[in-house]
Amino acid sequence: MPATLKTAVLGSNGYSGQELVRILDRHPRLDKPVLLRRDGSDGAQDLADIFPQLPGNGGYPPQALSWSELKKIGVELLFFATPYEASRALVPEAIAQGLRVIDLSGAWRLKQAHHRAVYSFEDANPEIAARLTEKAVYGLPELNAACITSAQLIANPGCYATSVILALAPLLNAGIIDRERGIISDSKSGVSGAGKTPTPRTHFVSVADNCSAYSIFKHRHLGEMVEQLGLDDVELTFAPHLLPIPRGILSTIYVHLNRPTTGTEIASCLRDFYAGKHWVRVFANPRVPEIHFSLHTNYCDLGFCLAEDGQRLVLISCLDNLMKGAAGQAVQNMDLMYGWEEREGLQ
Amino acid sequence: MPATLKTAVLGSNGYSGQELVRILDRHPRLDKPVLLRRDGSDGAQDLADIFPQLPGNGGYPPQALSWSELKKIGVELLFFATPYEASRALVPEAIAQGLRVIDLSGAWRLKQAHHRAVYSFEDANPEIAARLTEKAVYGLPELNAACITSAQLIANPGCYATSVILALAPLLNAGIIDRERGIISDSKSGVSGAGKTPTPRTHFVSVADNCSAYSIFKHRHLGEMVEQLGLDDVELTFAPHLLPIPRGILSTIYVHLNRPTTGTEIASCLRDFYAGKHWVRVFANPRVPEIHFSLHTNYCDLGFCLAEDGQRLVLISCLDNLMKGAAGQAVQNMDLMYGWEEREGLQ
Amino acid sequence: MPATLKTAVLGSNGYSGQELVRILDRHPRLDKPVLLRRDGSDGAQDLADIFPQLPGNGGYPPQALSWSELKKIGVELLFFATPYEASRALVPEAIAQGLRVIDLSGAWRLKQAHHRAVYSFEDANPEIAARLTEKAVYGLPELNAACITSAQLIANPGCYATSVILALAPLLNAGIIDRERGIISDSKSGVSGAGKTPTPRTHFVSVADNCSAYSIFKHRHLGEMVEQLGLDDVELTFAPHLLPIPRGILSTIYVHLNRPTTGTEIASCLRDFYAGKHWVRVFANPRVPEIHFSLHTNYCDLGFCLAEDGQRLVLISCLDNLMKGAAGQAVQNMDLMYGWEEREGLQ
Amino acid sequence: MPATLKTAVLGSNGYSGQELVRILDRHPRLDKPVLLRRDGSDGAQDLADIFPQLPGNGGYPPQALSWSELKKIGVELLFFATPYEASRALVPEAIAQGLRVIDLSGAWRLKQAHHRAVYSFEDANPEIAARLTEKAVYGLPELNAACITSAQLIANPGCYATSVILALAPLLNAGIIDRERGIISDSKSGVSGAGKTPTPRTHFVSVADNCSAYSIFKHRHLGEMVEQLGLDDVELTFAPHLLPIPRGILSTIYVHLNRPTTGTEIASCLRDFYAGKHWVRVFANPRVPEIHFSLHTNYCDLGFCLAEDGQRLVLISCLDNLMKGAAGQAVQNMDLMYGWEEREGLQ
């Protein structure tokens, strides 16, 4: 392991990419990250010009992607913060070049073909793509730390998926959820989750003073939840909503327990499962997390309410979609991959 | 019936009261409403000074409540936009004085004692209070028009309750909801629903860039939903959330149907039920309502998504909590009580 | 004059156009307005589908613009809510067809060529365009009522310009402003003023939690202010800012008076000037207007602060940019043109 | 100097106090700060409970202020994040105890009695208070670094004052501002600047979708600007406005130059003045700062627009009122006082 790791970021002009560069830039184990742009993309501008939130004045000129150049510089780890199509097209070559990759898109997250159908993959070499899909590690550190450590390709989880999976994993693991009754996640997200491309839907006037549901029953993150939580046999209803805030996710998750349970048991179940996990905070009942508690941090905050019958349980899960839901989690994965403390660069 | 009706409003300095005065002020069938203040309340200021959104400059001086004065002026209908305690204390006398009353608080909405327990009533005369509770008509015009017409005391419904009841009534009426599976309403509301009193929870910095759940399983409007929809035997989970917007409610309601159903059937069920009802709009599938479509109007907008299995149904219900959820509905009730068109003064 | 006037709106899918249709739709003197679309524009969709805020369900199908068809229907008045280029291209023919026109764009507002340079006009027939430019009446009812009454072409004022001109007109008229010292307007506007086209600048994430200055010294509305207020000899600094709100304008205007003056004198000056003008409200010193007082109304609210020296004066002017700043003022102009009360359809 | 400095914070439950604790908590040179509460204040709750944005779960119990206890712990530096009255009452004793003090209130900022009149000081010992007022150093590091280094009492500047002083200092220093023409600052601030106490003015519904001017000509920060910039002979008009955002300040400052000047000269003047100053960024003309560029950072961002006449200049100054406008600047002052790099703990 070199004194400092050399990293590069492809696609640094979206929201996740910007947040990622911001974190990498001040990470104590890293050199300043190399910013890359794809041919034909509009990423020629200095990142500091399009994203002045970065520290200092300028100094983030992106360069054209070149494998030989990356080798010359000594880059070992490449982040993809591109649309999934670009990631699907370029990751195989990156891996072939011996780079380790953390991909923030949905390109490599899903193992099952029927889940992958929500993406339109046109793989140049389907065989290699299939092998990579198999090898890719779903980068949720609280669940998959062991595999992440040695992974060559990390599929960084979706923001909604992270909030739902982290809330449900302890209870499913404990076997106390009544799987027959189904699970519902009513999730609410800030607008940065919808990406930086201006559309009628992300126009300020469309979003402000408003709240709207969308993609009910068919959002792309549904497959991740089913696969990671093993819910093929469970009715999982996922209803995302757009909030008039720039960032943050709150998932309100409705489950039935298979026997009357106390709040203390639920709290223990959550706390025990995440004992020693720095980036998950369990709130003391009856306090529940709110979006702003985890904004600009890498925390996923969990809390719950239990009905008097001890069987209807409402879980609340909050995180910052650009941090624990994207860039922060990517850096957490990097920390694991290189044997550093999981908080390194994230405080 | 006189050429123009004389009305009075007690408690015009809250959000619902202000909206009510704004509507009454331009209602074609009314004289300018008489504004009343309770002894000891801070309502001595001209309403136009604390609420300059009212048309023109000034001219809304509140006067102390006096029954004899009301009689002299010829007031026939008295709106209560007070806290429920004041309404519980004063409505009996108003009724005794022969006035008709529309009460916007929760004081007279609940018939069953175990539901009423969420309020702390200290009735001076419990017998009279009990009789009035019995006589009070739940003022949801789309369901109770006949009783409203001749009512002396209207209990104007809660904002959340209106959004949930109007969404569920058609399907429950059609008997296609699987009552065994329970019903969940994940409701989101703007801040005016929390009232005008400044609290840490309504401070701008607490609300902006945030979303938070509260009062899960125990919100006061739950009893109204159960009573009006006949859900004593159904697990109804109600989870309200605070949105960073001034006004508007979106309820996302999760039900299971007792047999596979098509979207067309659901749409027909909703449309048939509300045929001829001006203030409920049913959205064409797959379009769903958003909060801003009904803001500043008296509409309740309904829409839905049906899962591929034809049994999991998500209903979306939106309204403006100060209009259809409070003042607008109060005026709609008045229109019915006096035999006018239900849109009179509400367009 | 017919029992009801027949109107048409070209370009009803922008924010001003939508607001205009909403008002015209319920105006007591009008038939439902005819919605027109330009060839090649995307305006083929029913307006109610893209703008569900309109009352009822659907029923606003736009039709292709056809002069003969307009004549057949009996349309007398045509509103342009198009980009200025379309207005510049089509208004001459509309006038030639004998229609009266109210144009909400900047196409016909400026008399002086050096001011018009901020627009790129490519007139098919420059002579006719020049003649029309001459004939066009600047539709600020509080200043130009007499000319508006008989106008064939109304150039509806810009939103910023309306807020600044109405604040300054009384004091300039009274001759108490020290013209040597210059005038500064620091104006703040909601995002709907920037139009409905999605751009990086109007993306929710760019606007929320933010405020930014733009077009300082060179905004297009500057020329209108100079021409209407006769300020060719005065240094007028105009600095617009974008606010994280959907609508509303607040202009903070800094002037020096040419002699020590009292607040009472300023108040009288403003009140006397607008005596009998329904849509301008002068606030009692020291209370100053705020944006939300005039939102969703056609009011322009004026207030002020005077320094102890009696010479430094700060004027505050607020209005709703889609109402008094666009559609509301257009309807006010229509009311004048047809001899109706200026409030008709605007309450 | 010990390996790590021991600090304490009095009044950590306001917005500035919370932000301060958040920064101090992760500052590499410090132990975890000791949180203090005043007798009778409501600060007995663990800060992590009222401010869950803090890292980790709990662990910030405030203790009652006791000088002997502070000595025992070895606290050297005490931050006051209290209302100014508490600071005025307690700072003299803290200084007498040999502590160094950084006070975030307005208690010790003003040297001239006629400026101090905006505060109601009731000093127990006026003589000591007068001596301390004299000794207190105005903690604006970019202007007063030398005095700060050795100061015992730092009066941390006001948020508005910081934004205005940093913008004007270079140009006043260069002598190119026409002092006869006066200076105007139209400043806009987020709501956290108004403090955490819930009031009608800070209620979400009052602020959202709104913008309002207040305290024109008479805001408390005016005196700081005059004293620090030496503007006793200049008409300085200061007009603050409340923005519907949680944090951030944008000041738009209008000056006249005493001779025609170029943008290049202005840029050089600003850049030269702040050469080597890490926390002031000068934007390349014509780009101007926006509030969100400096949010959650300690930067003050400066930019400008110059009229074609080369004499009318508009300066734009942005900062985060809780960072460079309060807690961040306090930490920057601490860094200077202890000989550390000015960025220490602030990145």
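For the reader, a short list of remarks on this structure follows.
Residue numbering begins at 1 within each chain, and the chains themselves are lettered A, B, C and D in the order written.
Here, a contact is a pair of C-beta atoms (placed from the backbone, for glycine too) under 8 Å apart; a residue touches a chain by one contact, two chains touch by 3 or more.
Note that this is a predicted model, so its numbers are computed, not measured.
In terms of C-beta pairs in contact, C-D outnumbers the other of C-D and B-C. Of all chains, C has its CA centroid at the greatest distance from the CA centroid of chain A.
Centre to centre, using the average C-alpha position, chain B and chain D are separated by 46 Å. We define each chain's centre as the mean of its Cα atoms; on that basis chain B and chain C are separated by 37 Å. Here the CA centre of chain C is 40 Å from the CA centre of chain D. Taken residue by residue, chain D touches two or more other chains at 208-209, 244-247, 290, 292, 295, whereas all remaining positions touch fewer. Those residues of chain C lying in contact with chain B across their complex are 26, 52-53, 55-57, 208-209, 281-283, 289-290, 292-297, 301, 347.
Of all the residues in chain C, the ones that touch chain A in their complex are 15, 191-192, 196, 198-200, 202-209, 244-247. Chain B makes touch with chain A in their complex at residues 181-182, 184, 186, 188, 206, 208-213, 216-217, 235, 237, 239, 241, 243-248, 250, 252, 254, 288, 290-292, 295, 305, 307-309, 312, 314, 316.
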